[in-house]
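In the part that follows, the structures are each spelled out as structure tokens.
The following pair of complexes shares a single chain, subunit A, combined with subunit B in the former and subunit C in the latter.
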Partner chain A sequence: MERIAIVGVGQTKHEARKIQDSFADMVYEAVKMALEDAGMGVNQVDNVITTSNDFWDGRTISSMATGDVSGARGKNVSCVEGDGTFGAFYGMTRILSGSYGTTLVTAYSKGSESESPMITNAAFDPIYMRCLGLDLVTACALQARRYMKRYGITEEQMAMISVKNHLNALSNPNAHLGLKITVDDVMKSRKVSDPLKLLDCSPVSDGAACIILANEERARKITDKPVWVKGVSFCADAYLLGDRDLAECKALEKAARKAYGMAGIRDPRREIDVAEVYDAFTYQESMWTEGLGFCGPGEGGKLAVSGATAKGGDIPVNPSGGLLGAHPVIAGGLIRMVEAVRQIRGQAGAMQVKDNVKIALAHGVNGVCGQSHCVWLLGRNPN
Partner chain B sequence: MARRTAIVATGQTYHKSIRRDVNGQELINEAVVRSLEDAQLTMDDIDGVIIGNMDHFEGINYVDCWSIDGSGGYMKPTMKLTTGGTTGATLAIAGYHMVASGMFDKLLVIGWEKNSESDTTGGIITCTDPIVERPIVAGAISGLACEAQAYMHKYGATPRDAARVSVRDHKHGCNNPHAHLRLDLTIEDVLHSPVLADPLRLHDMCPRTDGACAVIFACEGIAEKITSAPAWVLATANRHMFSDYSDVVQMASLLSMVEASKELWGKLGIKEPLKKVDVIEMYQPYSWAGMMWIEDMGLCKKGEGPRLIWDGVTDMGGELPINPSGGVICTNPIGATGLIRAAEIALQIQGKADKRQVPDVQLGVSTGFGGNWWTDMIAFGKKKPA
Partner chain C sequence: MHEFWRNVEPIIYEGRIKVPYSWQAGETATYFLTRLRDEQKIVGKKCPKCRKVLVPPRKNCPFCFVHTDAWVELSGEGEVETFTIVRRGTRIQPRKTPFAYAVIRLDGADTRFVHVLGEVELGKIKEGMRVKPVFAQERKGSPLDIAYFKPVG
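And then the complex of A and B:
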């Protein structure tokens, strides 16, 4: 693959309710920050990809709301409906096709204006499944239960992830929910859908993110700190929950294998310096660390308890606090990319895991119970 | 690692106003199976799937995930793109970039809509700003009627001129086995059909259709092995340039088409598109656009569209046939509509368009229209680009 770099990143502060901001206001803020970060003018943006979701926005053709503020006036533009990591993938191919030198990618959500149970209930089969009351939380509770039963994973192990990520979020100035809590606090928090308790679940936040991709020639002109794309892949599993063993994440394994292959990574736990994964729920971080090969199947709980995934551990996961710290839904994965870039540049402040981050992983999810995954490997060195 | 990329196979469903015999996934699968048969490939040969529709028409969230059983995307890279009416054209442009990028060799691209399960106008109204515009915008028809009024006022075109466009497309549609409406209409039929929003009448307007279209894109080296006549993508251009309805509906000109076509002709090195292009499949949702937007495309000067239409220049057998398939006025499964335009141009280049075939097509153009008066354009050629 020809070399592609991320040359600029921006994100808003993620909050419970940005009553003062429309979708466009939030996106404009993130775009402006990314352009300033890259030292670019909007006229140096060759083309634009927005990501949005009509259900979360409560409007059809939801990209209408954010094209102008993403700088798309007078340019070629498109819209991916799904997590921002997927939008970034399409943005990258528009450079690799030789059509454009730079792509600006945006993603946003306003959880405060959304009814999550209704919106995610609409992801299920309208005849046979919606009437069961399935939504993101109840379906993921089923997945958590299956995962725990299959591997003997405990609620306390999952609670450790909540403690870690909420603590990490305290050192993230953009996070929505930084908390200093104990395992006991998590265990005693309100049961949302057994076995998930309130502090096992990510909040639904308001916020936006933006990244700017460039080919090698343009990247070297724009910045002296390009962050290179080492590998990327995405993959989708079966739709019906009953068609999958919910304790497995085969699609993530396949996407990761492909991305690792591109990046030349053989031992992900040793070679990856930091990972930002899509932890919509505590058990998901545990499952995804297995799918990404940081530990064996069923060992994610032990990995979390061992401290290996803490900021000072050997494979820090979500030093930003992850989605448990802030979850503007569609921007969830793109924010992971922004945080990975900041780690590689050494600009992550109190979140920085070490001085010399060479390889960082960012991960996004589409659909329910991790049906579709996108894995990005970003690096300091182009080779 | 830019690679030359072509459409190598297409599949369309039986398009009808209500397909009670299939659910959404089955409708999608009908198009997918036909495209695979056309390519003589199986799903194992396909590297990835991209799909699009408009969520609020079927009320299904995360369609990329939901559609797996019909699309064949199981354990493959699967992605959804949506840009309103332009969705199908947006998908075709994405198919091009993703294959040309070197990330995929053979990509399945699917557009679909099961409009019978929707309230189309109710769904479209929600595209506008909920505070400022939603109380006053009434779906697609009223906005297009505003545009037609502005065009009449500025250039003196008449409903009879528009009816001539409608008659052309309906006549063409009679040659297309996939057309949803196959009506041999007269100008008087159009002029006496019920008023929807002045000056638009029923036969000036596209229907809403249940249907799907699947297209397979492949890179050079592989494309030639799948078909003896790949439809090579020569250039793409698009503009989604406004956020507010009130910005655009009274301009009597489709600015996104003006800008996108200027870019497209520039990329192709064409100065006189009327002479150089052999066939156009235009996303023309209503008859008036068939005059107004071909002016914006640069086929003639502003105000001269009606003359081109009456002279038969855009009829089958004319200098530049437009919509040999019958176009959107005959068939409109919204998320598929723009992709059908690209598929029809591919068929023209492949020489597989049967009764609707335009002789010796070397250069064809497909367009998409949607969102907030947006345009997507793609140029296809018979000859592999240099």
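And then the complex of A and C:
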């Protein structure tokens, strides 16, 4: 594959409710930051991908409504409906097509402006499933129990992930929900849909993120600190919950294998310096660390308790606090990429896991119960 | 702007989107839902290639990418693969909280069926529990024509 780099990143502060900024204002802020970060003018952006969801935004073709603030006027703009990591993938392939030297990718959500249960219920099939009233939380609760029962994973082990990520979020100036809490606090938090308790669930946030991708020639002209795409892959599983064994994440395993192959990674736990994964719920971080091969099947709980995934551990996971720290739905995965880039550049401040991060992983999910996964391996060196 | 913003009540625009959709269930789901409504029977459809019985039935096998062909009638009984007890109410749930959702492996089906559990003590639900459907008195050709699944015996 031709070399592709990330040359600029930006994100807003993620909050429970942004009142002063409309959602377009919010996207503009992230785009402006990414352009300044890259030292680029908007005229150097060759094409634009917005990532959005019309149901969350409450408007038709919401990509067009955020085109102006994404610098798309007079350019080719397209939209990905899904997670920001999938938008970034499409943005990258547009450069690989040879048609463009740079792509600007945005993703955003204002979760505060609608009702998550109603929006996520609409993700289910209207003929067979929707009338049951399932939403993201209740469906994921079914998955959490299935996964935990299959592998003997305990609620206390999952609570450790809540403690870790909320603590990490305290050192993230953009996070929405930094908390210093104990396992006991998590265990005693309000039951939502068991085994999920309030502190096992990510908040719904308002926020936006932006990244700028470039081919090698343009990247080297734009910046002296490009972050290179070493490997990337995405893979989807079946749509209906009943067509999958919810205890497994085969789509993630497949995406990870492919991305590792591209990046030449054989031992992910040893070779990856830091991972930002899509922890919409505590159990998901545990499942995804297994799917990514940081530990064996069913060992995600033990991995979390061992301290290996803490900021000072051998495979730090979500030093930013992850989605448990802030979850502006559609932007969730793109924020993971922004954080991975900052780690590689040594710009992660109090979140920095070590001085010399060579390889960082960023992961996004689209669909209910991890239906599809996108895995990015980003690195300091192009080779 | 700063001064202005500090002293003003932010303006909120309340959305009015309420678009009526009329989704065609199509022949496969219509057959399934008609059998539920008229005969209180759960039927699946079999893939000629992988021989899997799909419930709810699909016109095309999601695993083999071919048309399914034969209809298979199920007893309706099955066992709970996993479940959750819902505590937080929303306005889209079909029952008042607390209640339980379950992923059920129906006898004779190769995919799992998601539904609600009823007539059950919530604290006593277990994986592997045998359940059977209880049909609604008034049936409309909806998955909710099965009111809920309850423990067998």
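Keep in mind that, in the parts below, the second predicted complex is superposed on the first by the 383 of 383 C-alpha atoms of A that agree within 3 Å, B and C clash if a C-alpha of one lies under 4 Å from a C-alpha of the other, contacts with A are read in each partner's own complex, and residues count from 1 in each chain.
One rule holds for everything that comes next: contacts are C-beta pairs under 8 Å (C-beta built on N, C-alpha and C of every residue); 3 or more make two chains touch, one makes a residue touch a chain.
All of these numbers come straight from a predicted model, not from anything done at the bench.
Contact with subunit B, but none with subunit C, is seen for A:93 once the two complexes are overlaid on the shared chain. Of the two partner chains, subunit C is the only one that A:128 touches; subunit B does not reach it.
In the superposed pair of complexes, A:206 makes contact with neither subunit B nor subunit C. Of the two partner chains placed by the overlay, subunit B and subunit C both lie in contact with A:58.
Using the contact criterion defined above for the overlaid structures, shared-chain residue A:192 touches subunit C, although it does not reach subunit B. A simple residue count on subunit A separates subunit B from subunit C, and the partner touching more is B. Using the contact criterion defined above for the overlaid structures, shared-chain residue A:72 touches subunit B, although it does not reach subunit C.
When the two structures are aligned on the shared chain, A:251 is found in touch with subunit B, with no touch to subunit C.
Once the two complexes are overlaid on the shared chain, A:239 sits against subunit B and subunit C alike. In the superposed model, A:149 makes contact with subunit C only, not with subunit B. Residues common to the contacts of subunit A with subunit B and with subunit C across the two structures: 58, 126, 238-240. Subunit A contributes residues 19-20, 58, 115, 117-118, 121, 126-129, 131-135, 137-138, 141-146, 149, 190-196, 238-243, 246 to its touches with subunit C in the complex.
Interface of subunit A with subunit B (complex): residues 1-2, 24, 53-55, 58-69, 72-82, 86, 89-90, 92-99, 119-120, 122-123, 125-126, 233-240, 250-251, 254-255, 366-368, 371-372. Subunit C meets subunit A in the complex at residues 5, 10, 15, 17, 21, 23, 25-26, 29, 33, 54-56, 62-63, 81-88, 90-94, 101-103, 111-116, 127, 142-144.
For subunit B in complex with subunit A, the touching residues are 1-3, 5, 52, 54-57, 59-69, 73-84, 90, 93-94, 96-98, 100-103, 123-124, 126-130, 236-243, 259, 263, 370-372.
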